[in-house]
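I've put the structures underneath this note.
Common to both upcoming complexes is subunit A, partnered first by subunit B, then by subunit C.
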Partner chain A sequence: MDFAAILSNAIGELISPTTAAYALAALGLAVHFGYSGLLNFGQAGFMAVGAYGFAVSTLTFNAPFFVALLIAVVAAALFALILGIPTLRLRADYLAIVTIAAAEIVRYLVTTNGWTAVTGSANGLAAFEGGFFEMNPFPPGSYPLGMNNRDFFIRIVGWALVIVAGILVWLLMRSPWGRVLKGIREDENAVRSLGKNVYAYKMQALIIGGVLGALAGMIFTLPRGAIQPANYGTELTFFLWTCLLLGGMATVLGPVIGAMMFWVVLSLTQGVLSGLIESGTITWLTTIQAGQLRFILVGVALMLLMIFRPQGVFGNKKELAFA
Partner chain B sequence: MMGAVFASVLVILLAVAPASQATSPAPTPSPSATSSPFSISGFLRNAGAPLADVKISATGQGFEGSATSAANGSWSISVPQSGTYEIELDEGTLPEGIKLADGQENPRQLTFGQTSNQTTIFAFGEGIVIQQGNFAQDLTNRLVAGLSFGLLLALASVGLSLIFGTTGLTNFAHGEMVTLGAVLVFVLNAVGAPFWLAIVVALVGGGLVGFAQDTWLWKPLRRRGTALVPMMIVSIGLALAARYVIQFYFGGATEQLPGAQSAEIQLGPISISPNNLWSLIISAIVILIVGLVLMKTRLGKATRAVADNPALAAASGIDVDGVIRIVWVVGGVLASLGGILWAYYRPGVSFNMGSQILLLIFAGVTLGGLGTVFGALVGSVVVGVFTELTTVFGVPADLKYVIPLGVMIIVLLIRPQGILGRRERVG
Partner chain C sequence: MSEQREENIDYMTDARPIAVGDNEPGCKKRDPIVVAENVTRSFGGINAVDVEYLEIPRHKITALIGPNGAGKTTLFNLLTGFDNPNSGKWQFEGQSIAGVSPYKVARMGMVRTFQLTKVMGKLTVLENMRLGASDQPGERLSKALFKGVWGSREKEITAQANVLLEKFKLDAKRDDYAASLSGGQRKLLEMARSLMVRPKLVMLDEPMAGVNPALTQSLLDHIKNLKSEGMTVLFVEHDMNMVRHIADWVVVMAEGKIVAEGPPGEVMKNPAVIDAYLGAHHDVDLGDAEGIRELEAELEADEESVVGTQDAGIIAKDHVVSGLDKKDGK
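Now for the complex of A and B:
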């Protein structure tokens, strides 16, 4: 078993663009759930709206990069509005069911054969990332950890976005606006009796978290240069929740570190398991089963976390959205 | 995950395949070949007797293939993709003295709808005139199919609703209980157990899983005073873990239960497959029994009391934990039965079959009003009928699950408490 390769793969996951995308989307969830108490189980839908908003406006309407970016962000904000209007007045579990249903509706809509010309149906879309990589200021060559200039550029952009978003969320949450939001999380009726428009605050939080999800969707697809609708199923949302709860839900660093831990642990277990299988130490597993075993562990980890350490690694028990 | 990725790669490969097949002579699949997800099949029978060795060919979408009917009269041609095909029965290969019935189109056009398998029936014998399908007939057929689908959804959602009503838990792991029922029947049948035994064991297994879940997971959590949202997230973790455990042992393939394929029969104006008919009858009877138990027995009264107010129920001498335990067991059995029927309805058993309808179950429960058992029944039937009717009104088949989910969101907008819910339950 090649421990050096396994370790370097795991370290590679630490800063991979996928991890950055998960961190960003989980940060959006932190705004939703950790700070506002909104149960959004449709973050995968926001990511899909962002990714498809960007790719469709680039491919179908030949929009330049920044226009496409803007369209994706606006689309996510609209999606949040549509979701929020019927559900934000209702109990938390209704929002959960509606958001998960809406995310699936998005996935069905981009998969349907009727709109293949626009969405590419089940095959998805490709070759929309040109505008992004044209802006690459880094010359071709070799960069640390065996990256090329494209890999390096997307990582810089992805993590810069995570840092900017993190600082933004941190500033927002210590502002008066953020205090109202936390107040809503603790006791909605108390805040309402102070004359605050709880509905509007929740809607704003839903939009901000959703836009972060849409940006994450773009970071997720740009390095691949392809979108596949199957990637945006409910599992993606549940993995994001695992990242969020792993790190700590009402913190800025929590979701970021949570996403890193999630991917490093996944990479390590995959590396070690397939190493053991190849060397013949484990004979009761196939490589495919090893992949499934990891996701069994994700599910068990999510349960154990929720039961024994609901505040996550970094969280403060007083700041739980559910006391 | 790997299985899903592999499956989607396979689907893409198959979708690309016809271009290459157009130039070379097409392969001739045997009647049982199902390498592609799409197939056209049927039974050839003349006055009840199967017709063997009759050649049938399919042309379309740049594909050409043929099959000969087996000894039991069944034939199947797997085609690379959905679309319209021309089916031709080679009348020269029919046994002596047997002719197609008058008015039987040959060759005929066949267009794939929402399923990956299309059946077409050739009728034989003189003087038999087959009615052409029309809108009204299509509508009644879909209505009945939708009712059958809705009632099997109701089996799962009544259990979910009972659990929600008595414990407040929105159980995301309910879909995996549905899967478990079908998987158990398949596995037991595969190792040679008689079919009835497989069903009984699957139902008992579903009940045991419900019992075990409550005893070792949910009851301790309730004792600790864990709030509802963390419990909901625990159920998501359980759903993920259970889904991949099933995939770990079962694999990513779709398998068939015995007797999953059957020719449609005519019941007056309605044509329905016997499986759907049985499914409809069984789920209607089971739901009727559950309803009677809830309304007429002491246990049912206790359950409704716990759902209404657990503390008050406990104060008036009801064993709340006991009631909840029974609710979990019943929920497990109902989900298991729903899973078996769902495996016949789709048709097929796969590790993610339960999570596929979990949202439709939720939609049924939410439509009817969270926590109301009869609401769950009404809501599920509405969802089932809507799902099936969408294709009659021209909605593309791959969007048929979108409509009920959309309807659910709209109903929440207008009547948040659901069709039968009470206003105070919400907000």
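Now for the complex of A and C:
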């Protein structure tokens, strides 16, 4: 087994743009669930809205990069608004049902054959990332970990976005605004009785988390240069929830570290398992089965975490001790 | 000239009559803060609340009493906008607030607490208090990022919270999570938090349930003192001792209707109230030998009672009174 390769793969995952996208989307979930108590099971839908909003406005309307970015963000905010208006007055569980359905609706809409000219149907869209990489200030050449200048650029942008978003969320949550949100998470009627417009706060939180999801969707698709509806299924939402729960719900660092752990563990188990299979130590598994097995392992790890450390890695034990 | 007198009045000792005319259900008040008319709410076939006319006197402590299921809490919910009535209109300080959402009602100065205490368990006691404060610019998303904008108001809020926490003997718990408080302490925190809003009318739903006797006394004083700060109090309570001690006015509800109104002494002698709610011997203090002797004498004269007959058993006079005398150290 080539441990050096396995390790360098794992380190590659640690800083990959996909990990950054997961971190950003999970941070959005932290704003939704961790701080505001909004059960959003449709974060994949927000990512899809962001990714498609960007790709469609670039390809169909020839919008420059920053206009396309703005359209994607506005589209996600509108999506949050549409979801929120009927459901935020209801109990939290209804939002969960509506968001999971809405995310699926988005995925089916972009898969519709009638709109192939715009959304590319099941094949998706490609070649919309040109505007982004034109702005690359890094000259071609070789960069650490075998990256080229494109890889390096998208990683810098992705993680810079994660850091900026993290700082913004942290600033917001230590403010009185964040305090009202946390109060709503605990008991929204009590907050109402103190003269706060609970509905408006919940809507603001839903939009902020949703926009983070949309930005994540763009970071997710830009390095691939392609977008496919199959990538935005419900399992993506559940992976994001896994990241959030791994790291800790009501923290800023939690979802970021959670996303890193998620991908590093997946990469390590993949490397070790396929190494063992190739060397003939394991004969009862194929490489493809091993790929499935590591997701089972992630599920088992999540269960163990919930039982023995329910607050996640960075969560505050006290915040859960009485729940 | 009457305006002049209004300003100089000491609300603690103001002894002018509360009602205009007779003390009967639905009577007009000299100075009402809340006026409700024809408020009804039914759940299925049951009329939970059916209030023809009710005025709550300003700068007074009004108790709302009545048997379980009389509609007291439902009336609270209706008045504060947490529930919508089938019909009716009501106003607060002359402004109609029928159909106004709960947070706006609270902002107008009408703040309530809940029978099932609502504290934010995973916030600290101090954060719970700060949450109650109004006019914090940092609660707006547009200003939340800039501590310079809301920092000074936050200091004022914290000072206000510390004063209240000390009053309610929660200052030692300031930095603890509210979830770690006992049931009684949560009641106190909820009441203190509602005062952070600086309300004009405080509506307390069973403030004394689960609070220990020693604390009850100081809490009663706090509630009384709210009057001197110009607040009006409306509370639901089953503890008749408390009602007698601090209420200036008592409203009795039964089966959704107002059945009696008046000063506590008068209302508690009302036969309708005794039948519907209090019971025949409600004014006897059973923790005291003198009270027991009185009750014994009353019951012996009562033909339906076993007291004074051979069947009396352990409730026989000698048995009970000697036990209490021993306790009193006689």
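In this text, the second predicted complex is superposed on the first by the 317 of 323 C-alpha atoms of A that agree within 3 Å, B and C clash if a C-alpha of one lies under 4 Å from a C-alpha of the other, contacts with A are read in each partner's own complex, and residues count from 1 in each chain.
By our rule, a contact is a pair of C-beta atoms (placed from the backbone, for glycine too) under 8 Å apart; a residue touches a chain by one contact, two chains touch by 3 or more.
Keep in mind the model is a prediction, meaning the values are calculated, not measured.
Chemist: Let's test your reading of the overlay: on subunit A, do subunit B and subunit C clash or fit side by side?
Modeler: On the shared subunit A, the partners fit.
Chemist: Look at A:Pro176 in the shared chain and tell me whether it touches subunit B only, subunit C only, both, or neither; answer first, second, both or neither.
Modeler: second
Chemist: In the superposed arrangement, which partner chain does A:Gly291 touch: subunit B (first), subunit C (second), both, or neither?
Modeler: first
Chemist: Which chain makes contact with more of the residues of subunit A, subunit B or else subunit C?
Modeler: Comparing touch counts on subunit A for subunit B and subunit C gives B.
Chemist: Regarding the shared-chain residue A:Ile307, is it in contact with subunit B (first), subunit C (second), both, or neither?
Modeler: After superposing on A, A:Ile307 lies in contact with subunit B but is clear of subunit C.
Chemist: Should A:Asn197 be classified as contacting the first partner (subunit B), the second (subunit C), both, or neither?
Modeler: A:Asn197 contacts subunit C only, not subunit B.
Chemist: With subunit A's C-alpha centre as vertex, what's the angle to subunit B and subunit C, nearest 10 degrees?
Modeler: Angle at the centre of subunit A: 90 degrees.
Chemist: Just to be sure I read the superposition right, which of the two partners does A:Leu253 touch: subunit B = first, subunit C = second, or both, or neither?
Modeler: neither
Chemist: After superposing the two complexes, find the smallest distance in angstrom between C-alpha atoms of subunit B and C-alpha atoms of subunit C.
Modeler: Checking C-alpha atoms only, subunit B sits 10 Å from subunit C at its nearest point.
Chemist: Across the two complexes, find the residues of subunit A that touch subunit B and also touch subunit C.
Modeler: Dual-contact residues (subunit A): 321-323.
Chemist: Which bits of subunit C are touching subunit A when the two form their complex?
Modeler: Residues 80, 82, 101-104, 106-107, 111-114, 118-123, 127-128, 130-132, 134, 136, 138-141, 144-145, 147, 150, 154, 177, 179-180, 190, 193-194, 196-197.
Chemist: For the complex, give me every residue of subunit A touching subunit C.
Modeler: 168, 171-172, 175-180, 182-183, 185-187, 189-198, 204, 250, 318-319, 321-323
Chemist: In the complex, go through subunit B and note every residue touching subunit A.
Modeler: So the residues of subunit B touching subunit A come out as 1-6, 8, 11-12, 15, 82, 170, 221, 226-230, 232-234, 236-245, 247-248, 252, 355, 359, 362-363, 366, 370, 396, 398-399, 401-402, 405-406, 408-410, 412-413, 416, 426-427.
Chemist: Which of the residues in subunit A come into contact with subunit B in the complex?
Modeler: Within the complex, subunit A contacts subunit B at residues 39, 85-87, 89-94, 96-98, 100-102, 104-105, 108-109, 111-114, 122-123, 228, 230, 234-235, 238, 241-242, 245, 288-289, 291-293, 295-296, 298-307, 310, 321-323.
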